[in-house]
Structure formats: structure tokens, C-alpha cells
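Next come two complexes, and both contain subunit A; in the first it sits with subunit B, in the second with subunit C.
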Partner chain A sequence: MNNHELKAQYEYRKRKSAEGMKNQFISFILMIFLTLVAFLAVGYDGFPKTFVIPIILLLACVQVIFQLYYFMHASEKGHGMVMLFMYSAIFVAFITVLCFMTIIWW
Partner chain B sequence: MNLLDQKFTPQTWPEHPETATHEGKNKFIGFWLFLAGETVLFASLFATYLALKDSVPNSEHALAADIYSLELVFIMTAILLTSSLTSVYAIYHMRNYNFKQMQLWFFITVLLGASFLALEIYEFNHYVHHYNFTFSSSAFSSAYYTLVGTHGAHVCFGLGWILALIFRNQKRGLNLYNAPKYYVASLYWHFIDVVWVFIFTVVYLMGILG
Partner chain C sequence: MSSIAVKKGFASTVWEYLTTVDHKKIAHLYLGAGGFFFLLGGIEAMFIRIQLMKPQNNFVNEQLFNEIMTMHGTTMIFLAAMPLLFAFMNAVVPLQIGARDVAFPFLNALGFWLFFWGGIFLNLSWFLGGAPDAGWTSYASLSLRSEGHGIDFYTLGIQISGFGTLMSGINFLATIITMRAPGMSFMRMPLFTWTTFIASSLILMAFPPLTISIFFLMFDRLFGSAFFDVTMGGNTIIWEHFFWIFGHPEVYILILPAFGIFSEIIPTFSRKRLFGYSSMVFATILIGFLGFMVWAHHMFTTGLGNVANAIFAVATMAIAVPTGIKIFNWLFTMWGGSIKISVPMLYALGFIPSFVMGGVTGVMQAAAPLDYQLHDTYFIVAHFHYVIIGGVVFAILAATHFYWPKMFGKMLSEKLGYVTFAFFFVGFHMTFFVQHFLGLMGMPRRVATFLPNQGFDLYNFISSMGAFFMAIGVIVLLVNVVVTSLKKERVGNDPWQDGRTMEWALSSPPVYYNFKQIPLVRGQDTWWIEKMEGKDELTPSEPLQDIHMPNNSIIPFFIALGLFIAAFGAMYNPLNSVGDGHPMGTVVLILGLALMFGSMLVRSIRDDLGYYIPKEDIENDAKGGKVS
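On to the complex of A and B.
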């Protein structure tokens, strides 16, 4: 590669990573907002428990998706295998929690 | 010349330095496998906590809704989430081959992580002294301290790890030998925040709801 091409490629890459940074910053703002909504939903007395619990669990899942795909770069290429690991782990995690919550009765 | 010792300029630095070498690729895949294992570890602790929540021997013992405070947990959450963002900044600078900025943002991450840990120590101390809520007072308290304490231990380990990287590489600068090390440390830090998202939701928020 000659010097000119190298420089053009560098400029392109810098712009691309600046764009990635912008997405990460937006997801940070959204995560703070989701956290705030979850805390306010719990702090406000007017909502029934059966309504608030599914909402805050959903907000937590959305936050984790932001964290995985933007902060941990899982949306970039080459994350197929590692996401298979994570989804298998999430599956096992779900079964574990379900088991413990249904078999323990004391 | 060995690829690991090669000197780079911002122009020649690879776009994904963390996976540019064979060793880096192995670290990347191995570390994600470890995180998957950690997910299952924390799932078993969450499952135990949920099964034993509010299981106390008699009515003199504090329940979840009596002790947790929304304000403190919100501050801790905001601090940890911000530290996750600062470590993203650090990796951004790593990919742009800006060693000084990367070190600075990792150091800010450590400071935020340390303040999170300080608040957690304050919180545990408060529970022990004001509510007599100790590790061995009930099944509920044991499950609580095991879950939240294991997370705190991870924060503590992460702080030591990132600090060690910052000091060890201070004079070396950025190369393909240490770039994967910084990258997996940042993955670990984000994972700590992922676990915290579930702790503040499942333990604190659902605890306050009763």
C-alpha cells in the first residue's frame, strides 16, 4: 500500500470509530434513562407490584442488550461463536433460576 | 521481527488490535467462554437468593423491604454505569493507538470503581450495625451477602487487574502484546456492570417492592 492509500484508510477508520463512539454514548444515555425509569416506577407508590415487576425486568434485559452489543462490541464482526457461548449460558441461567424458584417450598 | 514487539504508528495500527495476533484471538474467545461460565455462576447465586429471600427465623429479623434504600442504590448504579462508559472510551483510544488517553480513561474507570466499592462497604457496614443484618443471621442474609458480596469481590479483583495493567505497561506503550490484555480487562469490567443491572433490579428494586 502506498502512503496516500494508507492515509485515506486511516481517515476512514478514524471516522468509523468516532461513529461507533457516538452510538456507544447514545446507548449510555438510554441506559441511564432506563435505570431512572425503573427506579421511579418503584419509588412511585401508585402502581401495583404485579405491573412494576415485569416492567423493571424488561428494562434490565434491554440494558443488558445495550451493554453486550454496544459496550462489549458484540455487534462487530467475528462475535458469532462467543455469542453462542453467551446465549447458551443465558439458557442455563434461566433454567437454574426457574428450578430454584419452583422446587423450594420452605 | 516478532509481531508482538513491532512498533506501530496510528496509520499502521490494526483496526482490531485485540484479535490481530493468534494469541489475541485465543484470549478473546477464551475470555468470552469464561464470561459465559461466570454467567452461570451468578445465575446460581441469584437462584439461591430468590429461593431464600425473606426467609428469616422470626419476626425480629429484618426483611428486604426494611433495609434497602433506593437513593444509595441509584447512586451506586449511576457510578458503575459511568465507569462502564469510561472503559469504552479507553478501548476507543486503544483502537486509535492513543496510549496516554487509554491509560487515563482506564484510570478514571478505576477511580469510579473504587467509589462504587466504598459505597458498598458503607452499605454492608450500615446493615450490620443498624439492623443487625450479618452474614449468619438468617438464610436470607447469607444468600444476600453471598450474591452481592461475590459481585463486590469481582469489582475488587477488576480494580486490581486494571491497575496492574496500567502500571505494568506505563513505560512499554501500546503494542500487540498488551492490547488484548487491555481489551479483555474492559470486557470483564462491562460484565461486572451487566451483573449489577440484575442485582439492582432483582435484589434491590424487587426487594423494596416486597
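On to the complex of A and C.
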């Protein structure tokens, strides 16, 4: 590889990591915000329990997705197999919990 | 260092095996230890059949019968069938995908030693106040009430060996995903590698529920918690759910590699490509997938409700579809092939009808209303022995004959192999076929004896005689192994002449680095393609270069030993429910854990970067080390 190509590659990487950094920073702020919302929802007396619990669960799901895709780089190349296994495991866990919720603890 | 066999002393051989991280040697260890536990489980089976040979027999008393029955099931599933399959996975999978070892050789050794010490711990219960007596399922309502330490041996022993299995499963996943040779795409992988891959992912997802539920049971019995104790607000049904969420995928963990073994044997001896390769792969994945949503069919009679029973019944019946696809594919592979009868092929031919019979009774039990009749009778016993012996054990015996030359460099005697097959096959059907009728007539399973003149006498006698036939078959196999080991004659690369996959391109046994050069895979049935083009070697994908190899290590042995010692400490801790706890128990627990974590610490802080085999040595081996 000649000098020119090396330099181009370096520039490309630099741009890529700057982009990644920006994404991480934004998602970090968002996650703190979501956590604050969750705390406020619990702390505020006006909301009924049946409203607060689903909201917190929803926020938790959003946070997990942020974690996976922005901090653990799930969207990048070469993670396909890992994500496949994670989704299958989530599916199996979901079936299990669903079954427990419906036929043991109904 | 040269790979040419050097005569070594006994002590150095033992040391080599204690420290080895080579997948081929670990395969020997799994085969030896798994074979040992298989014999133990077989002896227990013989005791069961002797006790049930005639009505009101007094060969063993009720308590001892419960212990033998429990240990037979536990040993056969956890300590015999799975390790024996791991033996063949270790021996063959890295060779089939063109890798020099598994992804984590150290972890591979650790997995073996954890299984080994867990198995030893479980079997020490015979000498330390009685074995577990609540069945291999160890339902919590029963096992919590069990007196003595039997169940504690079960929880701790299975927990330790379960860790080992989980590790090995993850190891094979990583190996198959990352270490395939250039050109070995997923859809070119041999079927045994495919089934190992799917079985490993089932291990990954099924063992955590087992770990958790055994943890709960252990804490209930040893540290005073109440997860399953209804009188204290626990829920005993949860054990059953957790156990079967693990337990049902577990039977697929056993049967899928067995399917893989037959999918190697049948094309080899039909001298024809496997029929419907992609549908085989698809069926394997589908069986693994469906295996996770059928567990409650073991619990139809616990009162789940009609809707739940119906859903699980339908899901269970659906599994017959991919399994049927496989059966037809094997038949079509043989159809029009030039079939050569050999011992492995005989097992394959015996497997198909035997397994279909087990599958058909399985679909019968999937119908929930009928299952109310069949539940806990000998019909169930007959069914699962038909699938496990007719499927898994036949596969293990077939693979023993098929891969023995590759693992040890010597051919097992064909003649004795036929004798083993004849006795085992006839004995198997004799033992278990009549048990279907015993079950339909209402003989409950897990009973220590029965009364005369209820119509059970004759069938039980026939069944016991069949068990003796099977025992003779296994003894002949042992004789075969001893005779073969004493033989001098060694075999070449491709002893069956019709090998299709890459392991048959290597010397028997392969050199410790497996491949001189990592091969280039040019299609499915890699070695067959090369042979058909008149080559006697695989096409290399890289120039000859230095090979990086891992160092041997004794640390896995000590990590597992530490856990083994800690298990004794946990069992005799002062809080245990049996009431024979001792303050020293806590000390032993801490010492054992210290040994385990200490060994792990040594492993973490000491850099072990392995070593390089210089190019010149490899060239030397290739010239002088080739056996054929």
C-alpha cells in the first residue's frame, strides 16, 4: 500500500470514529434522560401504578436497544451471528416467561 | 519436537493426559470416562432388570431400588451419553472443518475435568450414605423430602458437570463459527458438524435453566431457602417447568449429534452423496427451534389447563415433520447407492426402524388425552428407551466402530462387531418392545416390584432376558477393544476407503497439529472431490509455515478439583437440612473455592502465549511421520 492510500484510509477511520463518538455521546445523553423520566414517573404521585409499570418496562427496552446498538456495536459488520444468538435466546426467554405468566402465576 | 510416535513411560503418558489441551486427546478422555460411566449405568440397569425379573423379588429393597433407578437415569444421560457424544465431537469436528484445534483449547480441557469431577462426586454418594433417590427428574416436592444426602450429591454433582457441558457447548459454537477453513461455508459443512453446531446452541440456551433450578434446589436443601417449599410460600411446579425447559432440549442435544453421525455413515457406505443436504440442515435447525416450545408435554397431567395442553400437544406433533424429512432423506440416500455392509452401516440400518418406532410412540404421547392414560407407565419407559438407545446409543456404538481407526489408528474387529450388534440389537428389542404392552396393561414405572398373576410376569421376564443379551453385546465390545489395542496392525488415512469428509484425508490418528497446511475447501464432501480428481492430499490454502500451538496446562484439572472439594464443604455446611452439618464444612467450602479461584488467578496473571512448531519439523514429519 502506498502512502497516499494509507493516508486516505487514516482519514476514513478518523471520520468514522468521530461519527461513532457523536452517536455514542447522543445516546448517552438520551439514556440519562430516559433514566430521569423513569425516576420521575415513579416519584410523581399523580400516575397510577398500572400506568407507571408499563412505561418503565418500555423505557427499559429502549435502553437495552440503545446499549446493544450504540455501545456494544451490534449494528457493525461481523456481529450477525452474535445477534442471531442473542435474539434466539431472548425469544426462548420470552416464551418461558410468557408461559409462566399465563399458566403458573395467572 | 516431533509428532512421530515416541515410546513413552506410563507416568509421562498419564501426565500428558492430565495436562493435555489437544482436542484429539480430550476426545480419548471423554471416551474413556464416558465409557466408564456407561458401564456403571449399565450395571445399574442390570440390577433393575434382575429385581423385576419375577414378581415380589427381593434382590434389592425398595430404597435401594429407588437409588439404583435414579442413578441409572442420571448417569446414562449426564455422564454417559453426553460425554460419549462429546468424545466424537472433539475427535471429529475440528478435522471436519479444517481447524487445528477448537477455539479455546484450555476451556475444552476445563470442560472435561469439570464433567469428570462432577461425575465422580455424584457416584461417591454410593459410599457416603446413599445415592439420590428421587428419579433423574428429581421433582422438588419429592426431592425436598428425601432423607440423607443423596439429593445433595445430585444437585452438586450435576451442577459441576453441567458447567463443563455448558463450556464445551460454547467452545464448539465458537469453533464452528470462527475456525472453518477457507471455502468451508456453512452450507458446505458436513452434517455431523452441523448437528454439533445446533446441539451446542441448544446447550447454550438449555443449560442455564438447569443451572438455576439446581441452584434453587441446592439452596432449599443446604442453606434453608424455600423456592420450592409450598408450606413457606414457594412453588413446587416451577421446578418441573425449569427442569423440562432444560430437559426437553436435552434430549435433542443427545439425538441431533446422533443424527449427524448417521448422516456421515449412511452416505459413506452407500457411496453416494447425502440426499437432500439443505433439507437436512433445515430440519436440524427446525428440530432445535421447536425443541424449546414443547417442554410442557412432560407435564400434561399436572393440570396446566386444556388450552396449554392443546398448544403443547400440537407443537410436539409438529416435531415429527422435520424428523420425518430426515428419515426419508436417509432412505433416499441409500436408494440407488452401492451399499457396503459394515458394522457402522449395520447400526445405521438398525437405527432407522428402531428410531421410527420410538418416534411413533412419541407422537402417541403427544396427544394429551391419551397421555393421561400412558403417563408414568412402562409405555413411557419403552418410548424413551426406543429413542435413546435406538437413536443415541446405536449412534454412539456406530461411531465407536466408525471413528475408532481415526482416533486410535487401529481397526476394531469386524467379526466381533457383528456379534456385538446382533446381541445388542436383539436384546434391545426384546427388552423394550414388551414394555409397551406392560405399560398399556397398566404397570407403573419406577416401582420396585409387582404382584404375581396380573399379566406382568411373562413380559417382565422376557424384558430381563433381553437386558442380558444387551449386556453380552457390551462385553463383546469390551473384548473387541482390548483385542484391538493389542494388535500391531495400523491403518492408513482412509480405512473405510469411501470417506467423504476431511478427517479421512489425514493420517490415523492425525498428527497433533492436524493439518500441515490449512486446506482449501472446494465443495461439500471435500475429500471425496479431491479423491475423484485423483489426488491423495487436500488442496492447501496457505504456504507451509510455522504453526502456533497452545501449551499444555494442569490448571484445568485443579480448577475442577477445587470445585469438587468445595462441593463437599457445601454439602456438610452447618445449615444443611439433613442436620449433620459441621463448622468444618464451611472451612472446606472456602478452601475448595480458594483452590479454584487461585488456579484461575494463576491462569490470568501468567502469560501463556503458546509455542511455534518450526516449518522444518513439519516438513520432517510429512516425510517420515506418514503412516500408511
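Note that the second predicted complex is superposed on the first by the 104 of 106 C-alpha atoms of A that agree within 3 Å, B and C clash if a C-alpha of one lies under 4 Å from a C-alpha of the other, contacts with A are read in each partner's own complex, and residues count from 1 in each chain.
Throughout what follows, a residue touches a chain if its C-beta (ideal position, glycine included) is under 8 Å from a C-beta of that chain, and two chains touch if they have at least 3 such contacts.
Small disclaimer: the values here were computed from a predicted structure and weren't measured.
Contact with neither subunit B nor subunit C is seen for A:I26 once the two complexes are overlaid on the shared chain. In the superposed model, A:T96 lies in contact with both subunit B and subunit C.
Contact with neither subunit B nor subunit C is seen for A:A8 once the two complexes are overlaid on the shared chain.
Contacts of A:I104 after superposition on the shared chain: both subunit B and subunit C are touched.
Of the two partner chains, both subunit B and subunit C are touched by A:F85.
More residues of subunit A are in touch with B than with the other of subunit B and subunit C.
Common to the subunit B and subunit C contact sets on subunit A are residues 81, 85, 88-89, 92, 96, 99-100, 104. Contact residues of subunit C toward subunit A in the complex are 173, 177, 201, 204-205, 209, 235, 237-238, 241, 245, 292-293, 296, 304-305, 308. The part of subunit B that touches subunit A in the complex is made up of residues 10-12, 15-16, 19, 28-29, 32-33, 35-37, 39-40, 42-44, 46-48, 50-52, 55, 70, 73-74, 77-78, 81, 84-85, 88-89, 91-92, 95-96, 187, 190-191, 193-194, 197-198, 200-202, 205-206, 208-210. Contacts from subunit A toward subunit B in the complex involve residues 6-7, 9-10, 13-14, 17, 20-21, 24-25, 28, 31-32, 35, 38-39, 42-43, 49, 52-53, 56-57, 59-60, 63-64, 67-68, 71-73, 76, 78, 81-82, 85-86, 88-90, 92-94, 96-97, 99-101, 104, 106. By the touch criterion given at the top, residues 81, 85, 88-89, 92, 95-96, 99-100, 102-104 of subunit A touch subunit C in their complex.
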